[in-house]
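Note that chain A is present in both complexes that follow, paired respectively with chain B and with chain C.
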Partner chain A sequence: MRRSLPTALLVIVGLLLLADFVIVNPSLAALAGVLLEYIVLLAAAAAITGGLALALRHIDQLRHADAERSGSVLVLLGMAAMLLAGFYPGSTGAADPLMRWLVAALLVPLVASLFAMLFFFLLSAARRGVRLRSRETTVMLLAASVVLVLLLPLGGSLGELLAAAAGWALAVPIGGVFRGLLIGVAIATAIAAARVLLAVDGAADD
Partner chain B sequence: MIERMRGSWRSRQRTPWARLAPFVALAALAAAVVLPNLTPPLSLANPDRTSVTDFRAAVAALPAEPLVLVAFDADFGTYPEISYVTRSVLADLLGRGASLAFVSYSPEGRALAVAELDRLHRDGTPEDRLLDLGYRSGVEAALVLSVTSVVPDAATGALAQRVRAAGGGIDAFNAALVVGGTDLGPRAWVEQVSTRVPELPILAVAPTFLRPELEPYVHSGQLTALLGTLRDGVAYGAASDTPSGRPPSALAMLIGMLIGLGVLLEASGGGAFGRLRAFGSRGRQ
Partner chain C sequence: MPDFGDLIGRLVGIIGEVLGASSLRLGIGPTLAIAGILLILLSLVARPISRWVTRDLGHLSAVPRSMALAAESGAIAAFSLGTAGIARSVSASARLRTLAALPILSHVARAAARSGVPMEISANDPIAAILAEATVLEAHRRTETEERAGRSRVVYVGEGRATAAGYALAARTHGGAGFVMGGLAEEGLLLLDGMASNTGSTSFGTADASQASSVLLEGEGALIGPELFQAPSDLTRGGHDRIAAFAGNRLAWITIVVLVLGSALVVFGRIDLATFLVGH
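Take a look at the complex of A and B:
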């Protein structure tokens, strides 16, 4: 069993947070609160690091003649616009009207348009999948076709019948598989967490 | 085989119909979305109204002029499915005199919350009934911290003061409306908030794919009410006293689904049944 400082830290923090979850104690709650604030700070630091890494990567791409420069320029311009809106003298940060306009009038419609194209990308992928004649793809697409038929927005008694069948499919076979999957994931997560908390086999060092 | 497929694909692309088909499909979808819903045979039937009835009962059970925390963590991929019902619920709450405080724990949720707040402002919702609590980084850790403190220091106005006077945490609210997505959903609220503030009613709006994992929480009472399918959402909006825009176009949905089925049939080379027979015989070998 290997011991290390990160493992010890993980064990202590994990046990403290677990204890705070099950024991009502003001001192413990205050300590857990401080730890949670550290976690939030770490998450914020990770986000900033990610943003910086993205900017550096695209700046680096601009230097190479063979790279896709237009995309990098767009990414950097977008980042600069957001930063300017949040940091210009007199700006109120994330609540600034300019920032809100950039988000509500530009970012949201742009990303929504991108996701709207998912329908066509999925269709294209499904089309190619069918042409490859793989068994798994055929089964998956048959199931997708059945679900599509069940979700057809038809009125009258036929629509009610399809809706009832769709509800049954969601509650029974899909629900069963999904919950089985969730229970499996939860058990695996609990085992992994226990291994980390107990510092078994250097799980925290993985 | 791949070369043969490529050749077949190219030869198909050369036909005028194959070239025009995507544009025709796109035009038909666009027209269906823009056209008013004048198609009585088309509707999203919903024989099981339990979710809608329960949700309406939960909203009706709130005290007069309630303070509602809207945890807006939808994502761009699934928000189109729940945008209509989310707007219906917000309109319903505002119609009952509620004050709404928006908070997000995911960046995508924050962007969508900003857009919704802007829409509410444009629609004339009084300033003193909306509060923007902003984005809290740290996902579930931030959610746990919000239990005791959810109002940022920079927040001003009568509504912010009202929340601070009531303790400043999530328990200062009469209810939480959780608009869920892939990053953070009602399950995190049940796990992290319900256990710490058990008396808080949690109303949830979520896309269909989350419903199987959320249904047990509804049955156990940890989630007060859930609208978790497009059918439920449309039924809720139709039953709502306060109109909140157009419901999703059933004609556009029908066209999209028929296009999907058509493409799958076409890709199977017009011999889907032959393929199934071949599939069966391969399976037996």
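Take a look at the complex of A and C:
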């Protein structure tokens, strides 16, 4: 009973939404709309619960001497700042100028800084890759070097030749590999969706 | 006294009215095509016959050994459910990648439960975190180690892809084994690097084609593309766990046949099968 009820709910909701996708019926559309609203409400409730859990965890960490307190203090201060900006008397919520300033002046530069580290981490990953599986990684890095050379901004007949070769490499071998991966992923996704919809459980004892 | 025949008649009438008020959204052809695909999927999922993949996908057969080593050194097992989540504003296929990671989490959690290794599962989506918690509890229940469940924890790291990457990079806990499974995006390399630098053995997987190189570079075990969906079928001996692989095998053959047939028809100038299938 503990497992069959969620399974039955999953199958019924999935089939109802699928039927609404295929058939135009006012009653079915209304029912599907209600279900979608419930899903949105569920996600909103989960987001609030997640935020509370995050705050509680960091409050709990502040009590332990061996925990990294500075990080917890930063997280809690950040959460408090965002909440204050969104809820102070007269605030317009997410569109409030203070909230927009916090996002534009703090959050966006922080995320951009994180992204800026990608190049250095790529070099570190390449070193790690060579250590783990040298042959495959060497081939991958050589291919990447060839593509980099092809994309060099050169002029003249050599530049045209390289540009044509780069276009061919992107359209034929690289494009072929990507299409193959995408077709495989699409098939596997369809199967996974069918497994979820038909409630085929994947957790057996091993 | 109620008339049973009248009741049946009214019910049939109501069903008739509902059907009469309906129309097909996509027309008869595409609706039949969708119904046909569903029937094929149903038959493929319902009747497994043979096994598709036998190799060690993502180095996951080494999970019990990694857990044994982690237990000896008193380390934890770290698992990240990627950056796509389930309730986040991403595409449906990206959400399915997170769902596909749950059977792998279940496998790892069972191995960790048997070895007495605490797990730390991180997610940037509350719904994914709730599902992860249920998966870990179920793993302890299946292995009859419920008394150890309290040592494992699921961490909601906050909203955003960069948050997940930042959490992994800033983590000071050294794990015996590290896993990242699910959807990844541009900053996936940071998440993988953070996880790899803090743990002993690693196994990473994603179905995002653009992040295949990151997974290959960072992980000792790598699940690329469809392998993320195939791996759960190879993890257990249970017949129904291999169903996705069987069904995928047959669908792959069907796709190859359609591609070859379509190309042949185009080459000989008869019918453009792709135009017919796609509709434009």
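In this section, the second predicted complex is superposed on the first by the 175 of 206 C-alpha atoms of A that agree within 3 Å, B and C clash if a C-alpha of one lies under 4 Å from a C-alpha of the other, contacts with A are read in each partner's own complex, and residues count from 1 in each chain.
Rule of thumb we're sticking to: a contact is a pair of C-beta atoms (placed from the backbone, for glycine too) under 8 Å apart; a residue touches a chain by one contact, two chains touch by 3 or more.
Treat the numbers as computed from the prediction; the structure is a model and nothing was measured.
S.K.: With the two complexes superposed on chain A, say which partner A:47 touches: chain B (first), chain C (second), both, or neither.
M.R.: After superposing on A, A:47 lies in contact with both chain B and chain C.
S.K.: Touching A:194, do we find chain B (first), chain C (second), both, or neither?
M.R.: Touch partner of A:194: chain C, not chain B.
S.K.: Regarding the shared-chain residue A:115, is it in contact with chain B (first), chain C (second), both, or neither?
M.R.: Once the two structures are laid over each other on A, A:115 reaches both partners.
S.K.: Is A:149 in contact with chain B, with chain C, with both, or with neither (first, second, both, neither)?
M.R.: first
S.K.: Could you say whether A:90 touches chain B, chain C, both of them, or neither, answering first, second, both or neither?
M.R.: neither
S.K.: A:123 in the overlay: touching chain B, chain C, both, or neither? Say first, second, both or neither.
M.R.: It touches chain B, and chain C stays clear.
S.K.: With the two structures laid over each other on chain A, which partner does A:36 touch: chain B (first), chain C (second), both, or neither?
M.R.: In the superposed model, A:36 contacts chain B only, not chain C.
S.K.: When the two structures are overlaid on chain A, which partner does A:170 contact: first (chain B), second (chain C), both, or neither?
M.R.: first
S.K.: Mind sorting out which residues of chain A both chain B and chain C touch, each in its own complex?
M.R.: In the superposed arrangement, which is not itself an observed complex, chain A uses residues 21, 43, 47, 111, 114-115, 118, 126, 128, 132, 178, 182 for both chain B and chain C.
S.K.: Can you tell me which positions in chain C touch chain A when the two form their complex?
M.R.: So the residues of chain C in touch with chain A come to 18, 21-26, 31, 34-35, 37-38, 41-42, 44-45, 87, 93, 96-97, 99-100, 102-103, 106-107, 110, 125-127, 129-130, 135, 138, 142, 155-160, 162, 165-166, 170, 172, 186-187, 189-190, 192-193, 196, 207, 209, 212-214, 216-220, 224-226, 228-230, 232-233, 235-238, 240-241, 243-244, 247-248, 251-252, 255.
S.K.: In their shared complex, at which residues does chain A touch chain B?
M.R.: Answer in residue numbers: 21, 33, 36-37, 39-40, 43-44, 47, 93-95, 100, 103-104, 107-108, 111-112, 114-116, 118-120, 123, 126-128, 130-133, 135, 138, 141, 144-145, 148-149, 151-156, 159-160, 162-164, 166-167, 170-171, 174-175, 178-179, 182.
S.K.: Touching chain A in the complex: which residues of chain B?
M.R.: By the definition above, chain B touches chain A via 5, 22, 40-48, 76-77, 79-80, 110-112, 114-115, 117-118, 132, 134-139, 141-142, 144-145, 148, 154, 195, 208, 211-213, 215-216, 229, 231, 250, 253-254, 256-257, 259-261, 263-264, 266-268, 275, 279, 282-283.
S.K.: Under the stated contact criterion, what part of chain A meets chain C in this complex?
M.R.: 18, 21-28, 42-43, 46-47, 49-50, 53-54, 57, 68, 71, 75, 110-111, 114-115, 117-118, 121-122, 124-126, 128-129, 132, 136-137, 140, 178, 181-196, 198, 200-206
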